[in-house]
Amino acid sequence: MGSKYPRSMRGCLPLWTLILEAALIVIFFFFANYDSSSQDPKKIVVTHGAILQDVMVMAALGMGFLTSSLWRYGWSSVAFNLFMLALGVQWAVLLDGFLEHPPSWKVVIKLSRIQQATMSAMSVLISAGAILGKANLAQLVLMVLMEVTAFSAMRMISRQFLVADNHVSMMYIHVFAAYFGLTVAWCLSRPLPKEAEEKEQRTTSPSLFAMLGTLFLWMFWPSFNSALLTIPHERKNGVFNTYYALAVSAVTAISLSALTHPQGKISMTHIHNAVLAGGVAVGASCHLIPSPWLAMVLGLVAGLISIGGAKCLPVCFNRVLGIHDTCGVHYTFGLPGLLGGIAYIGLMVHKISWSKNTMLGFQVLFDTGVLSLSMAMGLASGLITGLILNLKIWKAPHVAKYFDDQAFWEFPHLAVGF
Amino acid sequence: MGSKYPRSMRGCLPLWTLILEAALIVIFFFFANYDSSSQDPKKIVVTHGAILQDVMVMAALGMGFLTSSLWRYGWSSVAFNLFMLALGVQWAVLLDGFLEHPPSWKVVIKLSRIQQATMSAMSVLISAGAILGKANLAQLVLMVLMEVTAFSAMRMISRQFLVADNHVSMMYIHVFAAYFGLTVAWCLSRPLPKEAEEKEQRTTSPSLFAMLGTLFLWMFWPSFNSALLTIPHERKNGVFNTYYALAVSAVTAISLSALTHPQGKISMTHIHNAVLAGGVAVGASCHLIPSPWLAMVLGLVAGLISIGGAKCLPVCFNRVLGIHDTCGVHYTFGLPGLLGGIAYIGLMVHKISWSKNTMLGFQVLFDTGVLSLSMAMGLASGLITGLILNLKIWKAPHVAKYFDDQAFWEFPHLAVGF
Amino acid sequence: MGSKYPRSMRGCLPLWTLILEAALIVIFFFFANYDSSSQDPKKIVVTHGAILQDVMVMAALGMGFLTSSLWRYGWSSVAFNLFMLALGVQWAVLLDGFLEHPPSWKVVIKLSRIQQATMSAMSVLISAGAILGKANLAQLVLMVLMEVTAFSAMRMISRQFLVADNHVSMMYIHVFAAYFGLTVAWCLSRPLPKEAEEKEQRTTSPSLFAMLGTLFLWMFWPSFNSALLTIPHERKNGVFNTYYALAVSAVTAISLSALTHPQGKISMTHIHNAVLAGGVAVGASCHLIPSPWLAMVLGLVAGLISIGGAKCLPVCFNRVLGIHDTCGVHYTFGLPGLLGGIAYIGLMVHKISWSKNTMLGFQVLFDTGVLSLSMAMGLASGLITGLILNLKIWKAPHVAKYFDDQAFWEFPHLAVGF
C-alpha cells in the first residue's frame, strides 16, 4: 500500500531540503554576522528574550497543536509545523535584513530581528492551516520560501511607500496569511472523495490537544500583539486591550456556538477558532484604543463574525468557489483580521475629525492602502504559489491519501493510524 | 436522546451570557478607563507582565487540565474553565476597583489590577472542581458572579477591618474557594445513580492531560505565591519556600500513596491533588518563613494531610453529609489551606513571644479573624449560591446526564463521547 | 496478579523515601539558610526567576513528556520524572553548597544555586531515559542520590583542578548523563522476553505527548544553554547560536529520517530525539561561536549523527554489548554531546593558533581533560550505581513486568493499562 507515493518523497524531499539548508548556510556564511555591539544593557536582552520566547511558544506549540484536531493527521500537523517554523525563521531573518532600508548586504543579527522573523514565519503556519493534509512536505517547503518572501516584501513596501509603522504592517499578517492560504487551497482544490471527507472529521481525543494549542495562543496573544510596540505606555495599552478583547470573544464564541446549534450544543471546532478572533481583531489598533469597552466591543463583534463565518462560509462561500479550507483559516484569521483593519482605519478617521488635522487625511488613505495591499499581495502571491504547487514534479499526495498520517509516517506497531 | 435538556440550554444560556456581556461593556464604558500615567518605567511593565502571564498559565491551563481527568467530561472541564475565567476576570476587575479604599466610581485599570483579578477569578475555578459535571454552563455563570463578588467582599473586609495585607488576604483563596465549592456541592447533592458513578471513574488517557495541568500548576506556583509580594527580599523568600514545600510534598505524596494502597500501588488521582498541597500550605506564610527546613516540614505535613484526606474524606465525611466532591477540592485546597492559615498564625505567635511586643497580640487576633472570616464567608456565600442554583429555572442537567460531555457538545462523528 | 512485587514496593519505597526526606530536612535544619543580603536589586530576582522557571519547565514538562511515548508506561514516565526532579533538586542544592570552594558548612540558598541544582538534577532525568521501565521507584531514588553526587563531584573537580568555568562544566551534563545511564542499563540488562519487546513498542496516542515534551525542550533550550552565562554579550550569542543550531537540526532530522527509511517515511521516534541534537551539540561552545553559519553547521552535523546513531546503534552497538537503551539516550544526548565537546576544543585550538598565546595551550589540554573526565566519571559512577542497583534487596521488577504501568499504578477502572 502507498508504495508509489512514498518513493517519490524519499527521492525528492531530503535532497531538496538538504540542498536548501546547505544554501542557507552558505548565505549566512557570506552575508550574516552577529551584532557585536556589546553595550546592550542586560535588561534589553532579558526583555527581548522573554518576548521572543512567548512568540516562539505561540508558533511552535500554539499553531502546531491548534491544527492537530484532524483525525489520523495529528502527527503531521505538529511535526510539519515545527519543520516549517525552523525553515521559515532562517529565511525570514535573511530577507528581513536584505529588504531593510537603507539596503545593505550585511545582515546584522539582533534579538529583535529574530523575534520579527519568528512572527513573519507564523504567516506560513497560518496559511498552512488551509491546505493541511492536502500537500506533502516538499510542497510545504516551497510554500515557506514563497510566502515568507511575499510577506517580507509586503512589509517592506508598506513601511517605505505607505508610511506604515513596524507594528501595523506586522499585524496585517492575519489578513495576508489567510487569503494566501485560501488562494493556494483554491488552486489545489480537487473534489474530495467520500472517504477523505470522513477522514477529515475530527475526533475527540486529539481535540484536547487542539484545545491546548488554542489555550497557548489565547494566553500569549497579548505578548504577540504588543511585541513590536516600543513605547511602554503603548505596550501596556496593547496588552490590556488584547486581554479584554480575548476575554469577551471567548465568552461570546462559546455562547453563540450554543445558540447556532439546533439543540443548543457547543461545537469544539467553533471554540478552537472563534476564541482567538478577539485577539486578531484588536491587533492593528491595540495600542490606540483608549478605553477597555471599545476593545470589548471589538472582541464581541469578532466572536460574532467568526462563529457566523464558521456556520455560513463552508456552506455558501467555499462550496461555490470549490475551496476546501481544512482548518477554517478564513473565519479564524481572515475575517477578524479584516475587521481589525477596518477598526484601525475607523480609529484614525475619528482621530482626524477630532484634531482637524488635514495631514492625517493622507494617513487614513495610506492606512487603507496597507490593508488593501496586504490582502492583494496575499491573493496574488497565493495564486502564483498555488499554480507552482500544482505542477506534477512535486508528486502531491493522491486525493485518496489526503488527511492521512500513514502516507508520511512510519508506524512501528502495525499500521494503525490512530 | 437528550432532546429536552439541550433546548433549554439554547434558550437560556446564550441570552443570559450575551445580556451579561453587554451589561459589562456598558459598565466598563461608564466606569473604567486606562491608567494614563505614562511615567511607568518599562521595567515595571515587563515584570508585572511576566507575573500576570504566569498566573494566566496557571488559571487557563493548569486549572483547566487539572480537572480534565473525568471520563467523557474532558472537553467540558477545559472549555468551561476558560469560559469562567474570561467572565470572572472582567467582573473581578470592576469589583476590585469599586471595593477599594477610598471608594471611587472610576476604576483605573492597571497591570497589577488585572493580575489580582485573574487571581480572584481562580477562586471560581477551584470551587467549580467540586460541582463539575453536575451543573450546566448557565449555573456556572451565576456562580462566577456570586463567588467573585463574595471573594472580593471578603478581601475588602479583611483588609479594611482586620488589617490584613494584600498578600495574606489573597492567600486564603484556597480555604474560601474550597468551602464555597463544598457547600454548593452539598446543596446540589442528589443520590448519584449507578451509571453516573461509573461515568465518573477516571480513565488513563485523559489523565496525562490532568498530569499536564498538575505540572503547570506545580511549576508556576512559586509565581502565584509571590505575585503580591512587593519587597524583593520577601518575594525571593516566597519563591524559595514555595519551591521547597512543593518539592517535599511531591515526594511525600507519591510515597504515601503507595503506602496507603494495600498492594503498594500509586494512585494517579492522589498525585494530581496531593502534589500541590505543599504550595497551598505555604501560601500565607511564604514570605515569613526564615529557613528552608520549615517550609519542607510544612510541605511534608501538607502532603500527609492531603493523602490522608483523599483516603478518609470520601468515605467518612462526604458520605455522611451527602456531599459529592467531584475533583477532591476539599483535600487538594481546603485542608492544606487550613494548615497554611494555622502555620501563619503560629509564625505570628512565635514572632510575638520573641519580640515581647503586645501590639502584635492584636495582630494575631486579627489574623485568626481573617482565617475564620474567609471560611465563614465561603460557607455562607456558598450556601446562598447553592440554594439559588437549586431553583428550577436553571434547568440543571438531569442526574442521568451527569459527567457527560454529550449533553453540552456537538460530536461530529456519530455520538461517541470518548 | 502481580501480588508479590507490589508488596515489596509497599514495604520498601515509602519507608525509604520518608526516612530520606526526614534526613534531608534535618540536614537543611543544621546546614542551610537563606541569603539574608537584602540588597539584591529587584531586577536580579526577576531575571534569575525567569531563567529558573524556563529550566524548570524543561525539567518537569520537557523531560517528563519526552519519555512518555512508551506504550502502557506514560504515567510512570511523567510521574517518576517529577519525583526524581523534586528529590534531586533538594540533594543537589546541598551538595552544590558543600562542594564549593572555599568549602563551608553553611549552605546559603540563592536563586542562582537553585537554578544550578535544577540543572544538575536534569542529569538524572536524562540517565533515567536509558533504564526507564526496567527499574522501580526505590531503585530510581538511589540513582538520584548517586548520580547527583557524582555529577556535583565532577563539576567541582573540573572547576578547581581543570580551570573549567561554571558554564562549560555544566554543559558536559549530556555526555556525563548519557554514559552514566548507558552503564547502568548495561548492568541491569537481561534478555527481554518477546512480550516485553512488544510492550516497548510505541503507540501513536502518547506520541503527541512526547512531541509536546520535545517542543518544550526545543523552545526553552536557548534558555538552558545561556543560563550560566553572566556577560550579556555572551548570553546573547549563546541564545542566538542555540536557536540556529536547533532550527537546522530540526530541518535536518526530519529530512534525514525520510531519507533513511526504505519508503521515505518519517519516524516519530527520530523526530523526538534528533530535533534536540543541535541544542546539545552547541551547548559548550554556544558563547564562543562568532557567527551563525558555524552554529548551523554544528546543528546539521548533530542532526546527521543523531539520526545515524538512531539507525545504527540499536543494531550494532547495543546488541553486541547487550545494552537496552529504552529512550535512545545515547544518540539523543551522548553522541551530540561528544560532538559539542570536540567542537569546543576545536574552537579553543583555533583561538590559540590565531592569538599565538602559549598559555592557551594548557587551556586546550585542560578542556580535553574536562570532556574526558565527564565521560570517565559517567562510566565509573554508572558502573558502581548499576552494580548496587542489581542487588536483590531492591526487588527490581521482574522482566515480565517491564514497561508496564500496572505494576506501579492503581487503575480505578478494571485493569486496562492503556
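Each chain gets a letter, A, B and C, in the order it is written, and its residues are counted from 1.
Convention: a contact is a pair of C-beta atoms (placed from the backbone, for glycine too) under 8 Å apart; a residue touches a chain by one contact, two chains touch by 3 or more.
Since the structure is predicted, the reported quantities are computational estimates derived from the model, not experimental observations.
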| item | value |
| --- | --- |
| Interface composition of copies subunit B and subunit C: same or different, split at half | different |
| Angular offset of subunit A relative to subunit B [C-alpha, multiple of 5 degrees] | 120 |
| Length of the line joining the C-alpha centres of subunit B and subunit C, rounded to whole Å | 34 |
| Residues within subunit B bordering two or more other chains | 43, 46, 50, 205, 212 |
| Touch list for subunit C against partner subunit A, complex | 43, 46-47, 50, 54, 71, 201-205, 207-208, 211-212, 215-216, 218-220, 222-223, 232-233, 235-237, 239-240, 243-244, 246-248, 250-252, 254-256, 258-259, 261-269, 271, 275, 290-293, 296-297, 300 |
| Complex contacts: residues of subunit C adjacent to subunit B | 2-3, 6-11, 13-14, 17-18, 21, 24-26, 28-29, 32-35, 38, 40-43, 45-46, 49-50, 53, 56-57, 60-61, 64-65, 68, 74-75, 78-79, 82-83, 86-87, 89-90, 109, 111, 114, 137, 205-206, 209, 212, 405, 408-413, 416-418 |
